[in-house]
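What follows is a pair of complexes built around chain A, which joins chain B in one and chain C in the other.
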Partner chain A sequence: MTPWMSSGLIYASGLALTAGSVTLIYITTRTFNFAVASMATIGFYVSYTGVILYGGLPYKYYPFVIIIGSIVGLICYYGLNRHLLRRRAAEITLMMSTLGYDLVLLSMIQMYTDFLTKTYKLFPRRVTMNIYDFELFGEKAAAFILPFIAIVFLMGLHMFLTKTKFGVAMRATIENPVLAGASGINSDRVYLVAWVIGGGMAALGGAFIAMAQTGTPVMGMFIIPLMFAGAILGGLGSLYGGILGGFVIGMTEYAGVFYLAQRFGPWVLGYRMGIPLMLMAITLLIFPRGLAGIPLVKLFGLLAGKKRGVNA
Partner chain B sequence: MRSKLIVLILVGLLATALIAGCGPSDDGATDEVTTHTVVAILPLTGALSTFGENSSTAAKLAADDVNAWLEAEGKDWTLRLEIDDSQTEGPVGLRKMQSWFGEGVKFFVGPQASGVAQEMLSFANSNQILYISPSSTSPALAIPDDYLLRFCTTDLVQGPAIGAIAEAAGVEHLIFSWQIDTWGDGLQAAAEASVVEAGISIYPQKLGFDPLKEDFTTDVALLDGYVSDLVAQGVSLDKIGVNLITFEQAAPYLAEVAKYPQLLELVWIGSDGTAVSEAIKQHPVASQVAADVKFINSMNRPAEATAESNFDNVKNHIQEELGRETDSYAYNTYDMVWAIAMAIDAVGYDAAAAKEAMPGVVDEWSKVYGASGHVVLNADGDRAFADYDYWLLNDAFEWVTVGYFSGGTGTIEWTQEIY
Partner chain C sequence: MLIVKNLNSGYGKLQILFDLNIEVPDKGLTVVVGPNGAGKTTLLCSIMGIANIFSGEIMFNNIPLAGELTYNLAKKGISYVPQMGNVFAELTVLDNLHMAGYLMPRDEAKDKAAQMTDIFPVLKKFILRKAGTLSGGERRMLAIAMGLMKNPKLMLLDELSTDLAPIIAEKVMMEVSRLRDELGITILMVEQMAKRALEIGDTAYLLVSGEVRYKGKADSLLHEPELCSMYLGIKPPADKKNSYALPTPEEGSE
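What follows is the complex of A and B.
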C-alpha cells in the first residue's frame, strides 16, 4: 500500500463518519449542523488527551470519544435545537444556531489547548496522532483498523435502525414526521437520539481524521466543506448515501490529486480541495439526487442485459 | 401594567446611560489617567501558532515593563494591551483589525505572516492605522510611506542566506517546495535568484502548496519521484537539495519524508518559518528526520545581549512561561510594544504622527534597550540590516545555532562545521 493510499483510507473513513453525522441530523431535524466541525475537533482532543496523559494506543480511547461527542450533541439539542424546532424555526435559523454553537465550542477548544500548554507544558496546537500508532503488515495499523471500526460502527447503526423498535420508529419519523407523531412516536426522543448518535459519529470521525492529518484546534473548520460535500454527494436524504459520499470525497482528495499531479504537474496540488468538490458538482449534474439517487439496480440490470446480449 | 412598562424602560435607559458614562471614552481615556490601547493581532492558532505564543508572551511582558516605566516616571497614561488571534489567516486578521478600529484602536502589534499583513494594508492605510509586524519579510510589502512597519529585514536579505547554505553544502540541483502565499512566494523567488546566481540548477517541477495544508502524503510522494528522476540522470543524492519554505506544517512534511529512505540522503534547507520550530521539535518523527538530515534554517540574528538590553529579560521570561527557547521574532515583538509606547509618549495617540516619529524614537530607544538589538528602519519602514543565524536540531533534539550569515559581507561564519 502506498503512503497516500493508507492516509487516504484513514481520512476517507473519518470523513464518511462526519458526513454521515451531517446527514443523520439533517434528515431527522432539518438542521445543517455546522457544529460538526468542532465536534470532530473535540473527538480528536479526547483521543489526544487520553494518549498523552494516560498512554496506550489512540483506539483505546474511542469509546470515550463517542461518549463525549454524544454529550456535545445532546447539549446542542437540549440547549438550542429543541427550542427552535418547537417554534418551527426556518432551516436557515436552525443552521445559524449551530454555527453559533460551533463558535462557542471552538472557544472552549482554544481554552482547553491553552490549559494543556500552560499546565502540562504540552504542544497541543499541532498534533500528529499517527505517531502513537503501531505497524501492521508494514503499514500504519490505522489504515486497516479505522476502516474496520467505521464499518462495524455503521453496521451497528444499520442494525439499530432496522432491527430495533426505536430504530424503526426513528426511520418512520424521518420518512413522515407528521404521520409518525400521529401514530404515537415520540419525535422529541427521535431528535435527541439523532443528535446523540450524530455527535458521537462526528467526534469519532474527527479522531480518525487526526490519524491522517495534523490535529489542530481549527482542523474541523478547514475540513467542514468536505464534510458537507460528502453529505451532499450522498444526496442528503439518505444516511448511507451520506456515508458513502464522505468516503468517496475523502479518497478522491488523495487518489485524484496524486494521479492528476503526476499527469499534469505539481501545480494541481494547490487545488487539492477543489478536486473532490468538482467531482461532487459533476456527480450532481448527472445524478441530481446524489449517490443515493443512482439507480444501481437498473444500471446493473442494463449492464447484465448487454452482457447477455453480447454472449448470445 | 402600562406604567410599570414605562418605569422599566426608563430604568433601562438610565442604566444604559450610566454604563456608557462609566466606560472609557475614545481609546480609553478617563478623567484621571488616560489609557491608551494597543492590540496585538498574533497567530495564536494556525500555522504560526508557536511563534504567536512566543510573541504574545513577549508582548505581555513588554506591556508590563512599559507600565512599570510609566508609573516610575509619573506619566499620566497607561498602556492597555489586548491580544487577539489572527488564526494565521488574512481575512480573520483584517476582521479583527476592523473590529478593534471600531472601538477606537489605532495601534497594532502584528500580524506575523506577510499574507495577513497584506490583507490589512489597504484598510490600515486608508484609516491611518499604524501596525508593526515582527516577522513579515515579504519583499512585496516593502512600500514607502505605508502604515505597515516591520522590525525584521525583508527576504531580499534572507534569499542570499539560503543560497549561501546551498552552495556551502555542495548542492548542484535544488528542488523547491513552498507554501503559496505572499511570504512563501517572495522568499522562494529571492532564494531562487540567489541559488541560480551561485550556479545551482533548479529542478523544473516546483512543489508549491496551499498554506492551510496539513497533510503532505501526495507532495512527498511526488518529491520522491523527482529525486528518482535526478538520480536516473546520474546525480548523486548528496548533490540534491530541497528548500522547504513553510511554517509549522514542516512537522508533518518531514514526518512523511521518513517513509522514503532516499530523501533522507538529501541536503535539507529551511527558512525563518521553520527555525526554532516547536512543532518540529515536539514531533518524534519530524524531529528525528530534522536531526538526521541536518535540516538547516536561517533566521534574523538578534544582537548580542548587553547589560542594559532586554535580550535576557525576554529569553528568560519565555523560558519560564512556556518552557522553551524562543524565536528571534519574539524579541522584535518586545521592542515593538516599547517602540509604540515611546512614540505615543512623544506625540500622543495619533498614528500618523507616531509613524513619522517612529524611526527616530525606535533608533534612540533600541540602541540601548532593544531586546532584538539596534533597530534602524529604512525608507520602506522595514528593518534596514540584519544578519541571519543558522539553526538546526542537534542529536539531543535541541535547536542550536551553527553559524551565521553576514548580511553586510554575504559570507557565512561557522561556529560548528556541518558540511
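What follows is the complex of A and C.
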C-alpha cells in the first residue's frame, strides 16, 4: 500500500461510520446531530480505557464501544430529542439542542480524562492508539481489520433494515411517517432504535479514527465538519449515501494531503480539511442531491457515449 | 359509531374546519363530498391525529380520539387510506402489504396479503417491484389493498377512485359496499366520483369551505339540484320532468 493509503483506509472507515450515524439520525428524526462529535470521542476513550486498564488489542473492546455509544444515544433520545419531537419542534431547534448535549458530553469527557490522570497517573489527553496495534503484511493491521469490521457492521445493518419486520418498518417510517403511523408502526420506537444504532455507529467510528490520528478529548469537535460533510455529500437522504460520503471524504483527505504536500511542500498539511470540503462543494454544485442523486445510469451512458465519440 | 362534535382544526395556526359536526353510524357507509379545498382530507387527518385539533371532540364507540397519536388510532382498529402518499414508494409491493399488516401476527399478515393479491391480480404480477415504479392506478390499488388488509372496525377512505380506469373504479366502489354489507365495517368515505358514491352511500355530508352545507340521506343529496350543480357538477336527472329548470349558479347560491 502507498503510505497514505493504510492510514486513509482506517480513517475513512471511521468517517464512514460517523457520517452514517449523522445520516441515520437525520433521516429518521430530522435532527442534525452535533453530539456525534462527543459520541465519537467517547468511543475512542472506551477503547483506550480497555487497552490501558485491561491490556490486549483495541479491537477486543469494540463491543463495549458500541454498547456505551448506544447508551449515549439512548439518553439523548429519552432526555432530549423525544420531547422536542413530540412538540413538533423545528429542525433548527432539534439541531441546537444536540449542540447543548454535545457540550455536556464534552465536559464529562474532560472530567473523565482528569480522573484517569489523577487516579492512574496516565496521559489521556494525547493518545496514539496505533502503538497498541500489530503488523500484518508489513502494514498496520488496522488497515485491514477496521474496513472489514465496518463492512460487517454495515452488512448487519443492511440485513436488519431489509430482512426484519422492524427494520422494514424503520424504512417505512423514514419514507412516510404519516402512513407508517396509520399502519400502526410506533414511531417512538423507530426513533429510539435510530438513536441507539446511531450512537453505537458514531462511537465505533470514533474508536476507528483514533487508530489513525491522535486521540484527544476534543478530537470529535475537530472532525465534526468532515462527518457532516460526508453526510451532506451522501445527499442527506440515504443511509448508504452517507456512509459512502464519509468514506470518500476520508480517503480524499489523506490522498489529497499526501499528493499535494509532495507537489507543493508540507505547508499544505495545515489546510488538510479544505481538500475534502472543496470536493464536497464541487460535487454539490454539479449534483445538488449529493452522491445519492448522481444518476449512475446516465453517467455510464455519458461515458459510453464519449467512447463512441458521440456528444451525449 | 364515530361522532365528530364541534370540531375546529387545521394545520399549525391555519384553521380549515369550522364547528364541524358529523356522525358516522355503525356498519354504515357515510360519504363526504365537496369541492376541492373544502377540507375533506383535513377532516380525515383530524380524526387520524395528523392535523391539529383546536377544539371539539372526536368519539369512537364512546372513546375520545382527539389528541391520540396516529399509531394508537391504528391499534384501535381505524384504517386510513390517504389521498396522497398512500404507499411506501421505496418498499416492494409485498413489503408494503406486510407493513399494512404490521399489527397482525406474521402468518395472518401473509394470508391477508395473499387475499389482497387475489382481489387485485395486478399486484401479484408486480409483487417484488418497488411501489414507486407502479403506475398511478396500480399504486391506488395497492393503497386500497393496504387499507383493506387491516381488519378495521372503521375505515377512512380518501378519494379511492382517483387515478383508476372507470371499470376498476366501479369494481372498487362495489368492493367498498361489499365491505359494509358483508363484513359490517363502518366506513367514512371522501369521494370525487360524487354521483356513484352517493348512490351506494347511506348518509352524506356536503362540505364547503370547512363547513357542513348538507347533511342527510345520501341519495337525497342527488335530488338537491342546486347543491349538486353548484358544488358537485352533477346534472339533475334528465328523466324527471318535475318543476325545476336547469339551475344557474346565480340563482343557486342562496
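As a working rule, the second predicted complex is superposed on the first by the 296 of 312 C-alpha atoms of A that agree within 3 Å, B and C clash if a C-alpha of one lies under 4 Å from a C-alpha of the other, contacts with A are read in each partner's own complex, and residues count from 1 in each chain.
What we mean here is this: a contact is a pair of C-beta atoms (placed from the backbone, for glycine too) under 8 Å apart; a residue touches a chain by one contact, two chains touch by 3 or more.
All figures in this text were calculated on a predicted structure; none of them were measured in a lab.
Undergrad: Does the superposition put A:E175 against chain B (first), chain C (second), both, or neither?
TA: second
Undergrad: Could you say whether A:Y254 touches chain B, chain C, both of them, or neither, answering first, second, both or neither?
TA: first
Undergrad: Based on the superposed arrangement, let me know which partner A:L269 touches: chain B (first), chain C (second), both, or neither?
TA: first
Undergrad: Which partner chains sit in contact with A:L285 here, chain B, chain C, both or neither? Use first/second/both/neither.
TA: In the superposition, A:L285 touches no partner, neither chain B nor chain C.
Undergrad: As a test of reading the superposition: which chain, chain B or chain C, is in touch with more residues of chain A?
TA: B
Undergrad: In the superposed arrangement, which partner chain does A:V218 touch: chain B (first), chain C (second), both, or neither?
TA: first
Undergrad: Is A:I92 in contact with chain B, with chain C, with both, or with neither (first, second, both, neither)?
TA: Once the two structures are laid over each other on A, A:I92 reaches no partner at all.
Undergrad: Is A:I131 touching anything from chain B or chain C once the two structures are fitted on A? First, second, both or neither.
TA: Only chain B; A:I131 stays clear of chain C.
Undergrad: Looking at A:W4 after the superposition, I want to know if it touches chain B, chain C, both of them or none. Which is it: first, second, both, neither?
TA: In the superposition, A:W4 contacts chain B only.
Undergrad: What residues on chain A does chain C touch that chain B touches too?
TA: none
Undergrad: Which part of chain A faces chain C closely enough to touch in the complex?
TA: Contacts found on chain A: 165, 168-169, 171-172, 175-176, 178-187.
Undergrad: Across the complex, what residues on chain A touch chain B?
TA: 2-4, 7-8, 11, 110, 117, 121, 123, 125-126, 128, 131, 212-214, 216-219, 222, 254, 257-258, 261-262, 265-267, 269-270, 272-273
Undergrad: Flag every residue of chain B that touches chain A in the complex, lowest number first.
TA: 44-46, 49-50, 53, 85, 87, 180, 205-210, 212-215, 217-222, 225, 248-249, 251-252, 255-256, 259, 278-279, 282-286, 322-323
Undergrad: Under the touch definition given earlier, write down the residues of chain C that touch chain A in their complex.
TA: Residue list for chain C touching chain A: 48-50, 69-71, 73-75, 79-80, 82, 85-91, 95, 98-100, 102-103, 106, 146, 150.
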